[in-house]
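These are the structures in question, set out in turn.
In the two assemblies presented below, chain A is common to both, partnered first by chain B and then by chain C.
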Partner chain A sequence: MKKNMVIPAALVLVALVYYVSAGNVFYAHMLIMAAINTVLVSGLSLVARTGRLSFGHSAFAAISAYVCAILTTQYGVSWVLAALCGLAATTVVAYLLGSVIVKLRGVYFVLVTFAFAEFTRLALLEFPETTGGASGLAEIPPLGIGGFVIEGVDRWLVFSVLFCIVLTLLMSRFFKTTSGKEYLSVNDNPDLAESSGISVSSVQLASFVIGGAITGFGGILMSSYIEFVSPESFNLHLSITLVTMLVIGGVNSSWGPLIGALFLTPLPEILRGAQEYQHLFYGIVLVLILMIRPQGLVSIFSGLSSSVGALKKEKKSA
Partner chain B sequence: MLEIVNISKNFGGLAALSDISLSVAKGETVGIIGPNGAGKTTAFNIVTGTLPPSAGKVFFNKKDITGLKPSRIVKLGLARTFQNASLYPDCSVHENIFRGTLWKLKRNMFLNLMPPAGEYSSRLDSAHQLVADIMETLELESYRDVLANELPYGIQKKVGVAIGLATSPEILLMDEPAAGLNSKESREFGRLINRIKAHYGLTVLLVEHHIALVREISSKIIVISQGKVIATGTPEQVLNDARVIESYLGGGGWHAEG
Partner chain C sequence: MFSETIVIQAIVNGIVIGSLYLLMAIGFTVVFGLMRIVNFSHAEFYMLGAFICFVGIAYFRLPFILVVLATFLIALAFGSLVELSILKRMRGDELSGMIATIGIGMILQSVALIIFGPDPLAVPSIAKGIIRIGGAVLPKARIYAGVFSIGVLVTMYFFFHHTRHGRALRAVVQDREAAQIQGINVSVYYPIGFGLGVGLASLAGALMAPIFSVYPTVGFGPMVKSFIVVIVGGLGSIPGAAIAAMILGISESLSGTFLKSSYAEMFLFLFVIGLLVLRPQGLLGEKS
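And now, the complex of A and B:
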């Protein structure tokens, strides 16, 4: 494990141990939600690291979650199969949408994803026989893999935190491989990447599809944990929250989603008394971070670990 | 090796190139010169796939590459460099050059999360060898871990060439390699081009303002003016051509340059 990973990983573990030992259901719930948000944001981060921004990722979470929920509640399909179908549906939709819009430049791409999120939400309201309309679908069966059922706060805590750490480690590993470097090249200098034999549009399409699937899986986790879905679980606010978490955590780091989600997930709860001002507060935090730490909160940690490294070196030479 | 046949390009009503034909044979160094706005860069962009032509064809090794995407054309063995040293600014020199080899290191992204193995790991090894060889040939070893945006401009231009070489081209198209360099640096760059040509068995096509450089290294010069080829030949023939002197060089003023 590299130096720059150790500190965030240790922080998460410390937090986990603390919350578990405290046995506080509310804190555990916050941590589970932060872990699930990390999965949601990770999908978005994959897209962002090829130089694209999507405001429509809530739609991918919605599609996966709804397909999974409809299959389990109305057709009695097992969770694993239903989740796979949800992911497959999201992948197909992301591919179809992505191959059309990947040619669009900058802000037009963002606008289409924005419209797509709203379209998906309205489509869910439009077919109440299947989707439950505005009241959504309740009593979604719990996450079960074979005979093992993940139910209750304790199991969810362990499962979701482990899952989000493994995902974060995989993302971090991915960006050190040659495939990951193609993504980074496209982000850093698309013209040069294209003239070096990297097809910018294929890389961006791949990131859009795989990122959509990751966020889609986050949506499935969320609906299985809460045991409820409604169009309002996946509205534009979610998309905006995901983007805010990503930017605050750090767009160009594999640890950005985790840090952003850990920092922003508990905020609305802390500010529960002033919920209508929640997005105002997000906005202020976003502006402050962009002014003080444009690389995101993660830069504080990497700064810390590099200064720790420097200290060690000094000690050695002394 | 490279043949441009009757290429025209119109931007709206403006004809940037009209009916241009030229060819580059294996092992040659061909220089395209011409005044600003003559259509040099447009021709360049059409060959590399950045712009589609309005009419005409481009052949590379007898294969029609007209309208292919730049990333496809590179894989056939035709690489380019950029005029203003376009690099990956936050990456080391080594990483910049390594990224030029990425297209040869395609592997399933999920499989790639596993350590390199088998045929892929030998591809990876040869990519690293090529990067090391390029750094040695271009004398970039002392800058190995320096970030690209912290390099002096002349070195940035070298790294730009190095990235192009890392794609393993048969022909390298250079867009104004001497732009922004002083005359000493530009002479060094000329020697560098000759060195990499010999070392990698390259063919070179360059677009250049700096006539001294073109005269020094080119075996053939093509003069473009107002979207048309007005002269083709050896440096001596072309630079003494009455039409060339009249339309571009302005009566021998180029002798003073460089």
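And now, the complex of A and C:
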């Protein structure tokens, strides 16, 4: 397992080092976006690992980001307080929504969360006095904790990359604890989990609320970095992108969100050379990965480390 | 401005739109019932149908009925091919299958964008003139689209209930193993079922094309609406879906006439979420 962590962590470090040596703002921007996407996908991953796939996570990102943006731009509230209010609002909404839909079966869960994301987008468009309507809210003040302000590419790079690595480590640590294993057991075999005294629906509700809050924080980070938020920043396409990143990275691994985001965030930019064909190639790459690596890109790493392990064993026995 | 004629017009329009949503929803249900995946490429197959209709009428000047028939056959064949070449590998892995349909949708959409560009294109009118019902004035093109789609729905009903392949397909949807025991070659019905499902989406697109304009992202709205029809009507319940589609079509058309339509749409989603709290199985769906 340790090998599993070392390789992706090394990838991130290599990219960082590359930036530091080359001083390329574009690469730094891509890394920051990938790091923020990792946070967004991590929230989804928590829900997915209890066996539920949410297409409504863009709504949680939107709610947090909007509450934070409205409080900072219109009421002059400090970033920390505004972010906390944003997270609180998301938690409440996720709890209310989750407690009604957690009992729905597979496809209904997918479709209702999908409908919820669209509802949120329409609601944001509907009240332009507060939300700015279709033109959104601009000039969101930068992220400031106490007197320390995170602004500019350099600071954002360090902050976002560190945050996403810490979050990923925390997630992978969590799934090794007893309550983490409860989460996994709910997905593996709900009936067995239920008969072992685990309440499947309350675990799924907890994961939906916590996952919503994590994605919500990602939304706050995104809007603070871009300094702009609009209903189209967090629409259904974001939800679909997040699910895609999760599946391409690997649903059943704590490293899935990181790998998925690292791979898919820069992909459209790499394909920019052929702008017209950008989405075409993106679609083709997506389908090809699913055909070749159905367990996600993370399976390349685990495959690698298990073959390294097998080699070591061979050496020992020889 | 509230008058009887406007209401009648709105209701007839609503029935036309509702019957097209129903086509989409039945196609979605066939794919889901068979493969257990939410088909996110449904929107793009709708768009494919709309563009085939556009090319057939604008460039080849074929009669509408022939174009519609050709659209269905092309989509059926293409859909089956997609299943055999891509989705076949993901049978049993619903999550990958679902994401693969997102990829397939992206590919179709970008190909359409490359060929036709982003701007809406108008399909030449298939029928000139109007029909008067009471005081209401209705364009013939809309009536044709409505009549055609109801015809397709009746044909589908006949296919599913009175033909060998339709019954076999239903059997596979209901219980795959039991169907296999009855001597049904299950693996043949995966490509046929997917082809049929997306064929129905394309048909809806082709029927809608002469009424509205055609562009690469045209299918997204109807796909979301068909999701709602499926949620409200109950998955697998065709009468439920039919009622839901008609309610949706008529309420959309009425609210479009009398209200600010964005408000109406917002409350629609709220209604759907509320309904699921009260009846998770949908209006007429059965508990399982």
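Quick note on the criterion: the second predicted complex is superposed on the first by the 297 of 318 C-alpha atoms of A that agree within 3 Å, B and C clash if a C-alpha of one lies under 4 Å from a C-alpha of the other, contacts with A are read in each partner's own complex, and residues count from 1 in each chain.
Keep this in mind: contacts are C-beta pairs under 8 Å (C-beta built on N, C-alpha and C of every residue); 3 or more make two chains touch, one makes a residue touch a chain.
It should be emphasised that the depicted structure is a prediction, and the values quoted were computed from it without experimental measurement.
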{"item": "First, second, both or neither for A:Y282, with chain B first and chain C second", "value": "second"}
{"item": "If touched residues of chain A are counted for chain B and for chain C, the larger one", "value": "C"}
{"item": "Which of chain B and chain C A:V200 touches, first, second, both or neither", "value": "first"}
{"item": "Partner chain in contact with A:R173 - chain B first, chain C second, else both or neither", "value": "first"}
{"item": "Partner chain(s) touched by A:F119 [first = chain B, second = chain C, both, neither]", "value": "second"}
{"item": "Which of chain B and chain C A:E182 touches, first, second, both or neither", "value": "first"}
{"item": "First, second, both or neither for A:L53, with chain B first and chain C second", "value": "second"}
{"item": "Contacts of A:I101 with chain B and chain C, given as first, second, both or neither", "value": "second"}
{"item": "Which superposed partner A:P294 touches (first chain B, second chain C, both, neither)", "value": "second"}
{"item": "Sites on chain A touched by chain B in the complex", "value": "170, 173-174, 177-182, 184-185, 188-189, 191-200, 206, 210"}
{"item": "Of all residues in chain A, those that touch chain C in their complex", "value": "53, 97, 100-101, 103-108, 110-112, 114-116, 118-119, 122-123, 125-126, 240, 243-244, 247-248, 251, 276-280, 282-284, 286-287, 290-291, 294"}
{"item": "Sites on chain C touched by chain A in the complex", "value": "32, 36, 38, 40, 86, 89-90, 93, 95-96, 99-100, 102-107, 109-111, 113-114, 224, 227-228, 230-231, 235, 262-263, 265-266, 269-270, 272-273, 276-277, 280"}
{"item": "Sites on chain B touched by chain A in the complex", "value": "48, 69-72, 74-75, 79-80, 82, 86-91, 98-100, 102-109, 112-113, 124, 163-164, 166-167"}
